[in-house]
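There are two complexes below, and they share chain A, which is joined by chain B in the first and by chain C in the second.
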Partner chain A sequence: MQSFRLYGKYLKIHFLSGLQYKGWFLMTIQVLFVVITDPIGILFLFSRFGQIGVWSVEKVILIYALAVTSFGLAESFVRGLDIFPWQMIRTGNFDRLLLRPCPLLLQAAGSSFHIHRLSRSFGGLVAAIWCLRLQEVEPTLLNALVITLALCGGFLTYTGVFILTSGLAFFTIRSLDWIYIFTNASYQVAKCPFDYVPRLLRNVFTFFMPMLVVSYYPAAAVCGWGQPYWKGLLALPAGLTFALFAVSIWRIGVRHYQSTGS
Partner chain B sequence: MELITLSNICKTFKVSQRPQGRFAALRGAFLRQTKTIQALDNVSFSINQGELVGYIGPNGAGKSTTVKIMSGILTPDSGICRILNRVPWQERVKHVANIGVVFGQRSQLWWDVPVKDSFDLLKDIYNIPLPEYSKRLQELTETMQIGSLLSTPVRQLSLGQRMRCEIAASLLHNPQILFLDEPTIGLDAVSKLALREFLKTENKKKGITMILTTHDMADIEALCSKVLVIGHGKILFDGELSELKQLYAPFRCLKARVSQHIEPFPVPEAEQVSFHGDTLSVVFDPGKVPAHALIEYLSHHIELNDLVIEEQNIEAMVAHMYKELSL
Partner chain C sequence: MKIRAYLSLFRIQTIADLQYRLAALAGATTSIFWALIEITIFTVFYTYSDRTDAGLQAGLSLRQVVSYVWLGQLLYLMLPIAVDSEIQAKIESGDVSLELVRPINLYTHWFTKIAARRITPLCWRGLTVIIAGLCMPQAYRFGPPASLEGFLWTLMAIFSALFLATAFGCLLCAIRLSIDWGNGPIYMLVLIGQVFSGSYLPLQLWPQTWQRWLFLQPFAGYLDIPCRLYVGSMPEQAAAVILLQWFWIAVFVILGKLLMAKQLARIIVQGG
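The block that comes next holds the complex of A and B.
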C-alpha cells in the first residue's frame, strides 16, 4: 500500500515537472490526433467494401480499441520502464535507484510520466464504447466485468512488455527494436480481422504475449461471436502470468547489472 | 565499534576492446574481444563509528568501485563485506535506508522541480515521519544556508548551490554512514570551505561516519583523521594522515629572511639548501636534525630576521607517493 502511495508521489512530481514546460496541453491534443488518425485506414477500407466476411467495421475497431486502451494505460503509468534502458542504464543513473530503500520496479516505472499519454486510452475507450453500442451489447454486470478485466489484463500485459524491455536492456545496454513487435506493432495486428491473422501470429499473440486474450476473446464473449465467457475472463490471469514472467527476466537483469558493474 | 569491515574483496571487470588492424571497427562489431581488469584485489580494511576517512588514489585505482560495493550497488566476486552488520548487496533495502551517498558528478534531485519538492519526495522514499522531517529540514536549511534555494528548480541552481542541496538531501533521513564521492569537484574556494566546515560539524555533532573520496588533498587535510590509499586495486596504506606524512613527507622546510647578503654555506645534515635573494630555505629531516639545533647553527652564521617552518606540501607529497609506488 505504501508503495502505491509512493508511486503516486512519483507521478505527481513528473506531472508538476511537465507543467513547468509550456505546451503540455498541445502535446495532449497531438497524441489525441495520432490516436484518431491511426485506424483511419480500416475505416476507409470498410467504407469502400462494407463487410469482409462476417467482419464489420465495428467488430474490428472494438478489438483494436481494447488493445489500444490497454496499451495507453500501460504507456501512461509505467512509461518509465520503456525509456528506462536509454536513460538509466547507459548513463549509470540506475545506481541511484539501487541506493533508495524502495522497490526498483516501482522507481523505474515512476521515473517518467506524461499526462498527455492518457489521451490514447481515452480515445480507445470512447471507440470501444461506441462499437459496443453499435452491436447492441447489453450493459449487464457480467459484460461490464469482462471488459473491465480485459483492460486490467491488457494493462498488465503491456506493463509486462515494458518490464521485459528494461530487463533485457541490462544485457544489451541499448533498447531493442524487435521488442516493438510487442508494443506499438502488436495492436496493429488487431486491425486485421481475427480469422485472417496468420496462425503463427495468432499463436504468438495468444500463448506468448497474450494481446488477443485481452482484446479478441473478451470482445467475442461480450458480443456473442461464438466464444464462451470463460475465455473472455482469461484476460486477467493471462496478463498477470505474462507480467510475472517479465518480472523474473528483470530480476535476472538486475543481478547481472550488480555483478558486472556499469 | 567497527561499523564497516571489508575483507579480501575482489572484483574484476570485463572491458571490451576494439581489435587492431584493418577493418578493425567492422570486425569489432561481430567479434568481441574483452580484457579482464582486476579492479579490486584483496581489499581489506575496517572503519569505526564516527571516523572521517579519506579514501585517495589515482584515477582508475578502484575508489568508486569500493564505494559502490559498500553502498550495495555492485556485488564483489569474492570476499566479505559487512556494514552495520549487514551484507549490503544481500539486504539492499535495509542497508540503503541507513546510508547516504553523494556523487559529486551526479545528481539525486529531480531536475525540473523546485528543490523542496525533491526533498518532499525523498521524505516519502525514506519514509521519514513528518515531525522528524520538518525538524531535520529546518536544521539543514540553516546550516547549509539553502533556505532561499528551496523554491528554485534544480536545473537553475549553480553548481555550488546544487551541491549544498545534494548534501542536505543525502542527510535528510539521518543516515549513520555517509559516502561522498568527490563532493568538492568543481566547487569554488568559498563553497569548498563551507562544505568542509559543514561535514566536520555534522561528523562531530551527530557522529556520522563519513568516507570521502577526493583528489583534493586540502579536503583530506582539513577533514580526515584516517586515510586509505588505494592503487591498482590494492590498499597501499591504512592509517593516520600524520603517519602517511611521516612516511612520504618526513621533511620540513625552514624559510628564513636574512638582513645582509650572504654567500652560500654548507648546512650539516640538511637535505637541500637554497638562496633566493634575501630568503634562505633549508629542507631538513627533523628525525636527523631537530629544529632547535638547526636554528642555533644558522643563527651562529647569519642574522635571522624572520623565520617559518613549513610542512611539505601535501599535494606534492601525494604526487611523490604515487610515483614512488609506481601508480
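The block that comes next holds the complex of A and C.
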C-alpha cells in the first residue's frame, strides 16, 4: 500500500514539473498528432487500393488501435523503465536506488512520467471504439470484458518489454536499439492484415512477445471473425506470463549489477 | 582562417560519433525490421487488394516501392528527431554561455556540428541497412537505380537533403534557445517534417489532389525527392527539384539566423 502511495507521489511530482514549461500543452497535442499520423500511411493505402479480401480498413485499424492503446498505457505509467538504461545505469545513478528501502522496480518505473504520453492511449481507445461501432459489435458485458482484459494484458506485455530492456541493460550498458522491435515497431506488424503476416513474425508476436494475443484475438472474438472467446480471454494470462518472465530477467540483472559511472 | 576551425569541429564530431560501431549495428536491426514489415504491407496491397493496379496508376510499381523503402530507411536516419542532444544539454545546463564566448559565429558553429551528426548515422548504420537490403531475397531486395543519370541526380539530391536536414536542425536549436518553452514546439515541428518527408508513405501514394502541394513543401526534399530520383518516378524535372531543395535550404537558414539573433538578444542562461 505504501508503495502505491510512493508511486503516486512520483507521478505527481513529474506531472507538476512538466507543467513548468510554457509549451507543455504542445507536447500533448504532439502525441495526439503522432497517434493520428502514424496510421495515416495505411489509411491512404486503403483509400487508394480498396479492401484486401475480407480485410477492410476498420478491421486492421481495430487491431492496431488495441496494440497502440496498450503500448501508450505502458509508456505512460512505467516510462521510467524505458529510459532507465540511459538515465540510471550508464550514469551510475542506480546505486542511489539500491540504498533506499523501497521496491527497486517501482523506483525505476516512477523515475519519469509524462502526462502527454497518455494521449497515445486516448487516441488509440477512440479509434478502437469507432472501429467497433463501424462493425456493429453488440456492447454486451462479455465483449466489454474481453476488450478491457485485452488492454490490461497489453499493458502488462509492454510493461514486460520495458522491464526486459532495463534488465538486459545491466549486461549491455549501451546499445539496446533492437528492443524497438518489441516496442514501437511491434505494433507496425498489426498494420498488416493478420492472414498475410509472415509465419515467423506471427509466431514471435504470439508465443514470445504476445502482441497479437492482446490485439488480434480479442478483436476477432468480439467481432466474430471465427476466433472463439477463450482465445480472446487469453490476453491477460499471456501478458502476465511475459511480464513475470521479464521480471525474472530483471532480478538476474540486478544481482549482476556492478555500478558504472563516476 | 575561420573556415578551418569549422572544418576541424566537423571532423572531431564525425570521428567521435563513428566510434560507436556496435551501437550502430544494433540500431540497424530496427531499420531492417521496419523495412521488411513495410515491404510486406506494400506487397499485400499490390497483390491482394481490390484495385491492385492503383499503385501503378500513381506512378509507382511494387519493385520501385521496395527500393524506395530501403533508401527511405537510410535517409530517415538523417532527419533530425529532436534538438541535437549535445546542444540541448548545453542550453539546459547554461553551458551555452561558454559557446557564446568563442570567437566564432554560433550559427555556423552549430551548423557544422549538426551536419556531422546528420552524416554519421549514414555511415555504419546506414551502410548496414543498405547491405542488408541488397542481400534480401528477390521480392524484398533493394533494386538498382533506374538509370545512371538518375543515380547521379540522386547523389546530388541526397547531398542537398543533408543541408536541408541540417538547416532545419539549426532552426530547431534556435527555437529551443528560449528555455522556458521546453520541447513541445520542437516535437511538433519534427513530426510535421517526418510525416511530409514521405517516410510514412511515399508521397506519390497520398491522395491525388494533394500531389502538387506535397511536391512543393520543404520536407519532400528530405527523403521523397532523392528516393523518387533513385527509383526513376520523376526523371524529367531533376534539375528543378534540386533547385527547389536549395530554395528551402535558404529559407531555413535565413529563418534560423534571424531567430537565433533575436533569441540571443534576450537569452536566459540557467544553471551555475
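Definition applied: the second predicted complex is superposed on the first by the 256 of 262 C-alpha atoms of A that agree within 3 Å, B and C clash if a C-alpha of one lies under 4 Å from a C-alpha of the other, contacts with A are read in each partner's own complex, and residues count from 1 in each chain.
Convention: a contact is a pair of C-beta atoms (placed from the backbone, for glycine too) under 8 Å apart; a residue touches a chain by one contact, two chains touch by 3 or more.
Since the structure is predicted, the reported quantities are computational estimates derived from the model, not experimental observations.
Superposition of the two complexes onto chain A shows chain B and chain C fitting side by side, with no clash. Contacts of A:G23 after superposition: chain C is touched, whereas chain B is not reached. In the overlay built on the shared chain, the residue A:L200 is in contact with neither chain B nor chain C. Of the two partner chains placed by the overlay, only chain C lies in contact with A:K191; chain B stays clear of it.
Set against each other, chain B and chain C touch different numbers of residues in chain A, with C touching more.
Using the contact criterion defined above for the overlaid structures, shared-chain residue A:Q51 touches chain C, although it does not reach chain B. In the superposition on chain A, contact of A:L141 is made with neither chain B nor chain C. Once both structures are overlaid on their shared chain A, chain B and chain C have a minimum Cα-Cα separation of 7 Å.
The contact surfaces that chain B and chain C form on chain A in the two complexes overlap at residues 20-21.
Put simply, chain B touches chain A in their complex at residues 11, 13-14, 39, 65, 68, 71-75, 77, 89, 92-94, 96-97, 99, 101, 103, 106, 108, 110-113, 117-118, 120-121, 124-127, 153.
Residues 2, 5-6, 9-10, 13, 16-17, 20-21, 92-93, 95-96, 98-102, 255, 258-261 of chain A are the ones that touch chain B when the two sit in their complex. Every residue of chain C that touches chain A in the complex is listed here, in rising order: 20, 22-23, 26-27, 29-30, 33-34, 37-38, 40-42, 44-46, 48-52, 54-55, 58, 180-185, 187-188, 191, 195, 200-201, 205-207. Chain A meets chain C in the complex at residues 20-27, 29-30, 33-34, 37-38, 40-42, 44-45, 47-53, 174-178, 180-181, 185, 188-189, 191-193, 196-198, 201.
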